[in-house]
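Chain lettering (A, B and C) follows the sequence in which the chains are written, and residue indices restart at 1 in each chain.
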Amino acid sequence: MKENAILEMKAIDKVFPGVLALQGVDFTLCAGEIHALMGENGAGKSTLIKVLTGVYSKDGGQIYLKGYDKPVIIRSPQEAQKMGISTVYQEITLCPNLSVAENMYIGRGEGVRVNWKKINEKADAILKSLDIPAKATQQLSSCSIAVQQMVAIARAVDMDCKVLILDEPTSSLDEQEVAKLFKLMRDLKERGVGIIFVTHFLDQVYEVCDKITVLRDGRLVGEYEIKDLPRVQLVSKMLGKELDDLSDISGEHKKFQAEPNTPPVFEAVGLQSDAGIKPFDFYIQKGEVNGFTGLLGSGRSECVRAIFGADRVLGGTVKKDGNAIKIAKPIDAMRNGIGYLPEDRKVDGIVGELSVRENIILALQVLKGFFKPFSRAEAARFADEYIKLLDIKTASADTPIKSLSGGNQQKVILARWLLTHPEYLILDEPTRGIDVGTKVDIQKLVLKLASEGMSITFISSETDEMLRTCSRMVVMRDRAVVGELTDDDLTQGKIMSTIAGGEKKDE
Amino acid sequence: MSKILKNQIFIPIAALLLLAVFNLIMDPSFFKITLGYNSAGDPVLSGYLMTILDYGSELAILAIGMTLVTAASGGQDISVGAAIAISGSVVLRVLCGRDHHAETMQAPIIVAFLISCVVAMIFGAFNGTLVAFFKIQPMVATLILFTAGRSIAAWINNNELPIVNEVRFSYFGGFIPGIPIPTPFFIAAACVIVIFLVLKFTNLGLYTQTVGINENASRLNGLNPEFIKFLAFVILGLCVAVAALIKVSRLSTINYSVIAKDIEMDAILAVALGGNALSGGKFNMTASILGAYVIQFLTTTLYKFNVPADALPAYKAVVVILLVVFSAPVVRDFISAQWKRLTKKGVTENA
Amino acid sequence: MKKKVLAVVMAAAMVLGLTACGGAAPAADGGGDGGLIKIGIINNDPNESGYRTANDKDLKATFTEANGFQASFAYSLKNDEQITAAQKFIQDGVDYLLLSAADTAGWDSVLKDAQAAGIHVILFDRTIDADPSLYSASIVSDMDKEGETAVNWLKGQNLSEYNIIHIQGVMGSAAQKGRSGAVDAAAASDGWNIVTQQTAEWNAEKAQQIVQSVIDAGTPFNVIYAENDDMAKGAVAALDKANISHGVGKDVIVMGFDCNKWALQELLDQNWNYDGQCNPFQSQYILDVIKTLESGQEPAQKTIIMDEKGFDATTITADDVNNYGI
């Protein structure tokens, strides 16, 4: 092993049916460093981490740990923990209805007799030393997500962990919380813990990390000191192609500018659903890309769900080309040429065990009807066409969609709706949790579709993404529409101020 | 090899082979089939294999419906046996009319059968409504009919034991004159053909699986998940009516408290033996149907070795345990890893 | 909720009881003279079997108002529900409590209550584990005797060899024990060969499968001893399928129990050979006991064993079928 290294993975292989998930990947982690693991979805980050934590068994290669003279074999996450490898996942895996201290000490072989007083004191001491704003006796669910994550880290620290893996820890945190988390990470680094940090946020990598290891298509691209690898180069290494700049696409495509007084394709007046949003008005023109923006929970998704009939509609009217239509259920919306890519891909989008092909044809098949199934050949033709068109990375059209990476799953759902050739396509967070390359692809596709005459609503948490694609943005706050921005008003600052509500509109 | 291991149909085929090999070693005469004549003078084939074909068929018919219910609702219908009692009772009620020992049938068999189909589908719809619209756990919802069904069956015939004295009625559970293969097999074959045509020429399969795997997604893709679940229960009702016809035809009468007793467990076991997840979602109809015959193969084997009828469930429990263990992903991964190691070793040794 | 319902039911029952008492004014204590005799009958669910159906019908036909009785019925296959019903009857102030218990245990306290209230308890069909002083009479079938009668008949057939398929009822039930015991004893003493001995749990289809299995195996047999008619019918279905002749003067002797009307008809048609009775017609015996008690005497015997016949296909008549078939 290299000097100062606490973990070395050498020539790791992992094979899934039809896919080489990892091929000879090396990874080295030193004590007291924060090491970013980067790559597109499907590059092999999660697989590598699951091999390291014993969730998957490796098919080749060795893992060396400091303190062991032979390569170690890790059979389960429990074994990994015993060896000092702990993981904190994006989704909190603690028990929300137990106390903080209970969560820190549960399942650690404390035996039947437990001295809770002592444990609470111990927990408080650790929380204090790590500067985590929580009390040992507090119920975990009463803490914010960020603090819950920190408690998970504290648990790992107390278990004497040498290698701490943080898998997308920041995706549900706000800026201040991220700052607190980073402080904690730096503290741990001082203590000599090696941290593996997996994230999609480039800014955060450059803010906190020392080294970067980049994976692509299951292979190692390289390991770099942070100062040697400028951002653009990192992106191009992740994508495997030269990319001038992420923001170049807004120049490529001219945004749609509606002629004044063009009648809208779809129009909603006083629409209201049982999801608790205030009645709102909405319209969209042919070939237009508009967006809903606002903080998480401001009602963006609920608005489009109401248009699509996904929630129960309580009132209001929807018009298509000026004629009133009735949308009570999603099928009504689909028959009227609306498509909807839902916000939560896993819960609302994919049909996990079914094949990519079946997932692609699903919506069109439902539209066609119960008694008119597509022949196997037809279905295969559709699937192949869109797998090629959207560059979906899958072993075959028969592969279950759940074994695809997140970004490719998203492309399949997108293909599903494109196949129905909708007049109006609603995309709710189509780029969430997917890699940079796919994000750019999807943005480009949106603009292209719009230029061909499709009306599109594009919702994203990343404002700059929306600025690049939308020509008009509906701003929401507290479950109500509070403004609409077009043309010159479409700037970060203006959006922020409208969301915040500090600045009154001119009128 | 690992591909074969992963294939769903592997499980019932492996079980079938295992049983066949066991019988071959213990007593090869198990596979003997003889042509004889029944008391009416018609040619019949007999032997253990024929018995399996005969009794496995009613199970296979039920497995069709149970597979759909399992896939769509992620639960099982435990009222199948009671529903067979009801449906069989209806057949006899229509055939015998008021006089329970009528010398001649009071209605054509087809009329009796169609009426019993309607009744069974209504009871299926009752279960389906509870599950789909009232969101009651399938096992809990069907517990109602499970409990009440046999009393309803007895009530239909005023607690009498009607007997059909018409020889044609016994054909459904026996033999058609001149055809030496048990009729239930042909009925099951017809049902299997129908369900495969339905699966091919409609979207029943795709819709049921979609609803079972991800109900939210199915709704957002324009499906009506409640209706699909409801439909699955109604189809199971139809299967129940067919199985009930065979059952009552076997003896031309009915015993409300014991007819088709515990058959729901065998039907569920057939689905499980087919490698289908009992939590719903993706299904393989062929594997379920094969599973049904494997269960009967097991039952017949146990009878052959004089295992008392009341001990049969214990043996089936062993099968369930093996099934659960071998279908667990951990065990499967372990087996395929071991297999890989073995084959790898083989390769290096050869080289 | 259950308690509430029960309370309402009981209240209603009491009101009914009171009005009934008011209606038949002098019939208060001891019942009898001029008014109707009030009896409460606790039985198993008539849906349970043909035997039970016949039993229930017989009781209903005997204890009518025309015959001077006011009878209330309660049915359950569960002991605790039966005990609740008994308590209700005691509160209603019946004169006689007729009981066919689901379970043998647990009756002491409620029968003491009945005794304290001056109610005569008559057990029918099934006995219980309680002090005999707690009941006036017990009218039962002797299952051992049923078995012996059948086995003696079989011995009398003087077959050159006995290869018997013995199909048993639900293991542990009184009927199974009695009917199996005789066969086991005879097999041991006379060297009968039991080809197979299995329980079909009173179920015709299971019996059919068991016999089918023996036929498939090719083992020779010449007697089917089925512990009820349903199972015998199942067995015969298997024989018919394999063209094995059965009945009087044929290859296989078929024996059943319970004397269902359709089974006796099979005897009359010479398709079966023997059917043992398990007499469900207990009402006449009960009636005799009640008459004795009403006249102020105690019954001569506490345990009354009913006459039970065994029918032979060679001697059965159409009248027998109508009189004894259930």
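The rule we apply is simple: a contact is a pair of C-beta atoms (placed from the backbone, for glycine too) under 8 Å apart; a residue touches a chain by one contact, two chains touch by 3 or more.
Since we're looking at a predicted model, the values are computed, not measured.
Novice: Looking at the contacts, which chains touch chain A and chain B alike?
Specialist: Touching chain A and chain B alike: no chains returned.
Novice: Please list the single chain whose C-alpha centre lies closest to the global protein C-alpha centre.
Specialist: B
Novice: As a quick test, compute the distance in whole Å between the mean CA positions of chain A and chain B.
Specialist: Measuring from centre to centre gives 44 Å for this pair.
Novice: Using mean CA coordinates as chain centres, what's the gap between chain A and chain C in Å?
Specialist: Here the centre of chain C sits 72 Å away from the centre of chain A.
Novice: Give, as an integer number of Å, the spacing between the C-alpha centres of chain C and chain B.
Specialist: For chain B versus chain C, the centre distance works out to 35 Å.
Novice: Residues of chain C touching chain B in their complex?
Specialist: Residues 45-50, 53, 170-171, 196, 198-206, 208-210, 212-213, 215-218, 230, 233-234, 237, 239-245, 260-262 of chain C touch chain B in their complex.
Novice: Given the complex with chain C, which residues does chain B contribute to the contact?
Specialist: Of all residues in chain B, those touching chain C are 29, 36-41, 44, 46-48, 51, 55, 101, 150-151, 154-155, 159-161, 163, 174-175, 247, 250-251, 253, 255-261, 299-300, 303-304, 306, 308-310.
Novice: In their complex, what parts of chain A are in touch with chain B?
Specialist: Residues 17, 57, 308, 310, 329-331, 334, 340, 342, 347-354, 358, 362-363, 365-367, 369-373, 416 of chain A touch chain B in their complex.
Novice: So in the complex, which bits of chain B are touching chain A?
Specialist: Residue list for chain B touching chain A: 2-3, 6, 200-204, 206-207, 209-210, 213-214, 216-224, 281-282, 333, 337.
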